[in-house]
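What follows is a set of structures for review.
Common to both upcoming complexes is subunit A, partnered first by subunit B, then by subunit C.
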Partner chain A sequence: SVVQESQEFVEKYEGAIGKGKGRKLYAYKVMMLKKWMKFQRDFENFKTACIPWEMKIKEIESHFGSSVASYFLFLRWMYGINMILFGLTFGLVMVPEALMGMPYGSMPRKTVPRAEEANAMDFAVLWDFGGYAQYSVLFYGYYNSQRTIGWLKFRMPLSYFLVGVGTVAYSYMVVIRTMARNANEDGGGDNNCFNFSWKMFTSWDYLIGNPETADNKFASITTSFKEAILEEQESRKDDNIHLTRFLRVLANFLVLCCLAGSGYLIYFVVRRSQKFALEGLESHTWWERNEVNMVMSLLGMFCPMLFDVISTLENYHPRIALQWQLGRIFALFLGNLYTFIIALMDEINLKREEEEMVKLNMTIWEAGLYNETVGVNSTTPPIAIHPADIPRGPCWETMVGQEFVRLIVSDTMTTYIMLLIGDFLRAVLVRFLNYCWCWDLEAGFPSYSEFDVSGNVLGLIFNQGMIWMGAFYAPCLPALNVLRLHVSMYLQCWAVMCCNVPQERVFKASGSNNFYMAMLLVILFLSTLPAIYTIVSIPPSFDCGPFSGKSRMFDVIQETLESDFPAWFGKVFSYASNPGLVLPFLLLMVLAIYYLQSTSKSYKQANLELKKKLQTVSHDNHVSAIILCAIPALT
Partner chain B sequence: MVSGAIVLAFLPLVLTFIIRYRYYFVLFYRAVLVRIWYDCKTGLSREERAFQYVLTHATPGDPESILETFDLWCSTVEFISNIGPKKGKIMDRILSEHCPLNVLELGSHCGYSTVRIARALPLGARLYSVEMDARNAAIAEKVIRLAGFDDDMVELIVSPSDEVIPKLRSEYGLERLDLVFMDHWKKCYRNDLQALEGSGLLGKGSVVLADNVLFPGAPNFLKHVRKSGLYEWKIHRATLEYSKGIRDGMAELVYQGIK
Partner chain C sequence: MLGHKRFSCNHPSSTFFPLSRLFYRYRDLAPQLVPLDYTGQPDVRLPYELIGSMPELKDNPFRQRIAEVFSEDGEGNMTLDDFLDMFSVLSEMAPRDLKAYYAFKIYDFNNDDFLCKSDLEKTLNKLTRNELTEEEVRMVCDKVIDEADLDNDGRLSLEDFQHMIVRAPDFLSTFHIRI
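What follows is the complex of A and B.
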């Protein structure tokens, strides 16, 4: 057609329509620019289409509101982080050792001991991460402390250490960057004029042609109306402020009592289990052996329900109530963390004492072996003993890694089983028993469950904390977590759409994103502390892992500086790590942070003022426009 | 065997249960335990006790005072599931909007709702009240006559509702029902509604009011109403009679006729 022809003409000669001299070059430049812009646009579209699970989350958001969807967005974001951590540990730690390190069976630390060989392949043992699973790249103990391995001269111990530090550093960077980005998006407050009119007249999307999409859009518009109505209601509430304050103080007092009670119960039970462990675990019943786990699981299930009931006294906006609930359950779960770490430290100490004894026994054993061979022949033939028979020292790092892996697995199983029973089985019972029950099960007592945002978010955050704590000792943890998050996403998306009903008070969750990030940051900090403590203060096992033989794990850095870098580099490094230089630098950083904080505050203030000015100007324009229209009507 | 710590860990669950369902516990206490206690002590049935109280404290011939006395007794002494003051107001409003001439009431129990409906009826209207239990019917009869409603306004039929509905047209000469009030056993709501549809007594614009559709609840009834498409339906949400925290609703159906 004419239009197409003219378009082609303009495209071909566009450059010529411009400058006179250097026409061809200019035309070429313009053409390349246009091609580049088109490529960029296509790439943006491709990137958006590649974001996983976008349709699923949009569907959930349209039915359940943005608070439930915020959990799934958080889950997806965690999945991204865990993919990167998995890439680091898999590519730089597990694969080099598997490909270029000594194979299985060549060294004592890489072989299943003769005593355990019989049942090393049993499913029960493998599920408990013993047997063949323990003596593999999955755990710390398998790695050899050779300085370089393979033809690439890959520095295995250095890589292990740096990957461990790098995962923590990357996590900090990503969390803080996301927090900063979310803070920018919040801005200085929304323009709240004519909220309902905008929603009423501009919500529908006229490009929808699919009936199911139309249903989803309908549901999402309804939900957004409910959210807006709730916001309006909350902003208009003005009742007795003294009664409200008193009730809030009372509620906090009750919650503190409950937390103190459960904290004391956990402490009491841990002390009892330490006593039992000293007496020997076999002399106690199953109940007594698993007392700690049972009490912690029961408290973790029941106390949040009590907090929920107490919070109805407080009469907060649902978003604020959710944040309080999150904070309280967080305090409860810290108790769990405390018991776990205490139990772990006890076991580490036990293993280290055992190590001393084994060292002693090994020298005796080697001497005995040497004497035997000398007795037979005067020359000293090489002692050929299968690695499985050599006594080896206990490996507390592998034990720590195993504990973390078992915890993650049992946590995952518990979550899935609770989901299936608490949500799915309940929904099935309510739907099918309703035909023959005396009261209405759907409207009355059990009814369908609602999606528990706070419990799930905290579960996710604490799970990630466990990963960060244990990834140094069990490089398989990020891989396990990626698998777990992947399955969780599909399972929970299905469970939400199939078994849950939307909450009655649907609220907008825009402010919650930074709250989740803040909690994640706290957990990141808390979980790297024990790892750093064990790295810095406890000497590594003498018989297993990439740092065996060193007095401290971070000695590998010193070793690398001495042998791999030129001499002047080591000198520069020792100057730079002088406390006289480090302290002023830290002071300068603190002052810079303070300065940046105050400037950003003043910018935010200026922003708000400008927005207010804009609003009054537009209001004045509006009023004067009405007056101008009214004048002809009056005359 | 099971240590005290594990038992103590169940304490938050018990507390949550008690606090969240406190109104249901109160209702259970008043409706079941107090009733059993008085049954053993006095030997009269609950409805007879209510009637004694109304006889001694209300002014005869004044339906207002009888209803108020009933409310007082049910709130303070014992619990009987009459329609109650809040839902009663909703019912009064619906009655005054529609001004029905022929009203059918299924399940009069003590006669509270009968008196309430009859109070709001215009002159010349007629109320047919169906009660299955003979003793309750006797009490209801006495209450209705005490309120001053005579035979050509209110007629009490003592028989199960599923037997009466087919005979309404033949024995009682009814052509069309303007309002039906259901307050009998919740299991029977759906069957009676279908019987009414089948008998042809519902015309366009007839109103069916069903009480207690959320607690104890009549899910089959609601499912039938939604699926059949014959009604414009609405649920008036309120609280259960004489109770503050238990949510309940009354369904108002307006018959549209087969399209």
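What follows is the complex of A and C.
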């Protein structure tokens, strides 16, 4: 009883409670301990308060469950990554050029051509990222190829190159690190041991002293129980296996047909648009001019709905169904991406051909200029021609950057408009038309929309893929993306709380986190591939950008090694880049990976064995307890 | 004024925070009933309604059970001793085993020293404000007994409960009231 415990306690801590010298020191220690615990608690609260949008996400989680909240957690994580990318590109590329580089109007590449000057400030042109927006630090073409700029002797081309490489390297590192961390957390299967018991006895937080917080807590506890119940029910289900398998095969077949159909449609449309381009764009209607973009957007909107309908045949656990859905939409979007890149490659080749012609024309033009001046005066005065009048070469890098920026902007606009119409307008109509409609709009046909986790996650991942692809050619892309994600967070949080209803079957998203990360990793790889290809194999434009005049963009590294580092460093580097050394090194790394993989497998095995042992021990205890109980009954 | 010696014998864990602050909180609930001078060990009990309306307890679905467990008469009417006991056990300095013991008593609605199915059902309904269906409630209670019942008697004894709760990562942080 309590009295007995208190007496034992008193005997134990006599020094503190009774008289004697020990008391003051003990009381002091206890006070310091209490202060330290309070400090730790306050610091934890402060750290939690510093995390942006934490309260918003908690509220969403308590109302909609962990799967919807996982999208917002993903969005916030992406925001963090984009902030770092923004810091890199803004601080190391855009700001130095703006502050220390040659100002606007001093060189041909930094000036709007005379022909375009008239409408360079028009909103329509600026929205399209032409005019003054094109000839600014936002795009590749503005940067000068001078080796050092300003009094700091800032190496601009080197910085540009390294920031490009650094953003990709950082992204890889962050994604892989997060995957590893998630894998570690998932590994602890022990948590399922007392799942329901812990939910029942430790989920209410006795510290809650506020009715609103209490309401949220009740909602979140209820949702959490529903999730756990669903998991339990799903794990117990077993239906007719053959029918299910047949239906699943049928569903996959239908999906493949859809994907093949959409792939062919896109191919057909791209071929037609190339034909139109050859004939001259002016002679066609608006639809024919924008056919490719429109078809891709429409496919992107309607095919996922089709996949959703087909997936009802399959009867999977909601989390597995979500993963299948994500995989299929992923395949669809890959088709879009592939087409986009093909189109871009065609345009790049066109521009490079144009470049050859322009080079030829420029020499003729310059020769003509000299002839005129020499004719007037024997001593040739310096030719003062305004940079806007000098003919300049085409800049395929800026064109690529512009395409990506336009894509991101149109994608963002489409998403927001779909959100406002599909969710908000629909909710308003259902709510207010319900009073004067024949059937119950809220329970029946349109009703309120549910939050589409898969669609939104994929949109986010592909958006990030675009950023990674285009960031090398348009340093403004990470900044644009930060702005877009910031607005998305607030808009979607508001939309979800205002217009959506919780899904009927609420499920846990725990396994999905690594799935999203895996897709992100694949997209990261696929997006950096084209950029790396263009850097390595296509020579940079001769008339624009920080690498103009070089035969390959990575020559800037060679140049830096020769001019900025001592001679012995260059020698060491050339020895190290000898294929005879690099190949064995690569082989060693492959062997190391194989070794680590096999040791980790054996650790997992050992882990499982130990767990099994624990289970048999507790079972033995159980059995002996039963036997012990049975003995009195037997006698 | 408070008779430190007497209190320090019966409330060892309350040497961890100032007694006077708790006493004044107790007194503030009903100043006309609680005298300032406790040396005569007056027999003063505050009715449950006053205890249950404290800001720390009013949003807690288990406040009635908490008051009943710590009150001498088992009805929720608390003397100063009971009041101090309650906040000592629920403070962050109380040992885990002591908290587990009292948690068990709180969730034992019918006071039979076992958490039987009806106790579990009542707990669950209080936690979810009756939002789960009967089917779901039954399923959860069956699962809990499945998980935690070691001696296989269809209900949770104190040992079963303690065995399960001491492993819970959140127990100490949620079974905590700050005053």
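By our rule, the second predicted complex is superposed on the first by the 562 of 635 C-alpha atoms of A that agree within 3 Å, B and C clash if a C-alpha of one lies under 4 Å from a C-alpha of the other, contacts with A are read in each partner's own complex, and residues count from 1 in each chain.
As a convention for this text, a residue touches a chain if its C-beta (ideal position, glycine included) is under 8 Å from a C-beta of that chain, and two chains touch if they have at least 3 such contacts.
Because the structure is predicted, anything quoted here is derived from the model rather than measured.
Of the two partner chains placed around the shared chain by superposition, subunit B is the only one that A:Ala443 touches, whereas subunit C remains out of contact. Note on subunit A: of its two partners subunit C and subunit B, the one contacting more of its residues is C.
Contacts of A:Leu483 after superposition: neither subunit B nor subunit C is touched. By the touch criterion stated above, A:Val590 is placed in contact with neither subunit B nor subunit C. Once chain A of one complex is fitted onto chain A of the other, the partner contacts of A:Trp287 are limited to subunit B, with no touch recorded for subunit C.
Once the two complexes are laid over each other on the shared chain, residue contacts for A:Met305 go to subunit B alone; subunit C is not touched. Looking at the shared chain after the overlay, A:Ile417 reaches neither subunit B nor subunit C. Residue ranges on subunit A touching subunit B, taken from their complex, read 258, 262, 265, 268-269, 272, 285, 287-288, 291, 294-295, 298-299, 301-303, 305-306, 308-309, 434-435, 438-445. The part of subunit C that touches subunit A in the complex is made up of residues 8-13, 15-17, 55-56, 58-62, 85, 90, 92-93, 98, 103, 107, 120, 123-124, 127-129, 131-132, 136, 139-140, 143-144, 147-148, 150-152, 161, 164-165, 167-168, 170-171, 173-178. On subunit B, the positions that touch subunit A within their shared complex are 1-3, 5-6, 8-10, 12-13, 15-16, 19-21, 213-220.
In the complex of the two chains, the subunit A residues touching subunit C come out as 2-3, 5-6, 9-10, 13, 16-17, 27, 30, 34, 37, 193-198, 200-211, 213-214, 218, 221-222, 225-226, 228-229, 232, 621-622, 625-626, 629.
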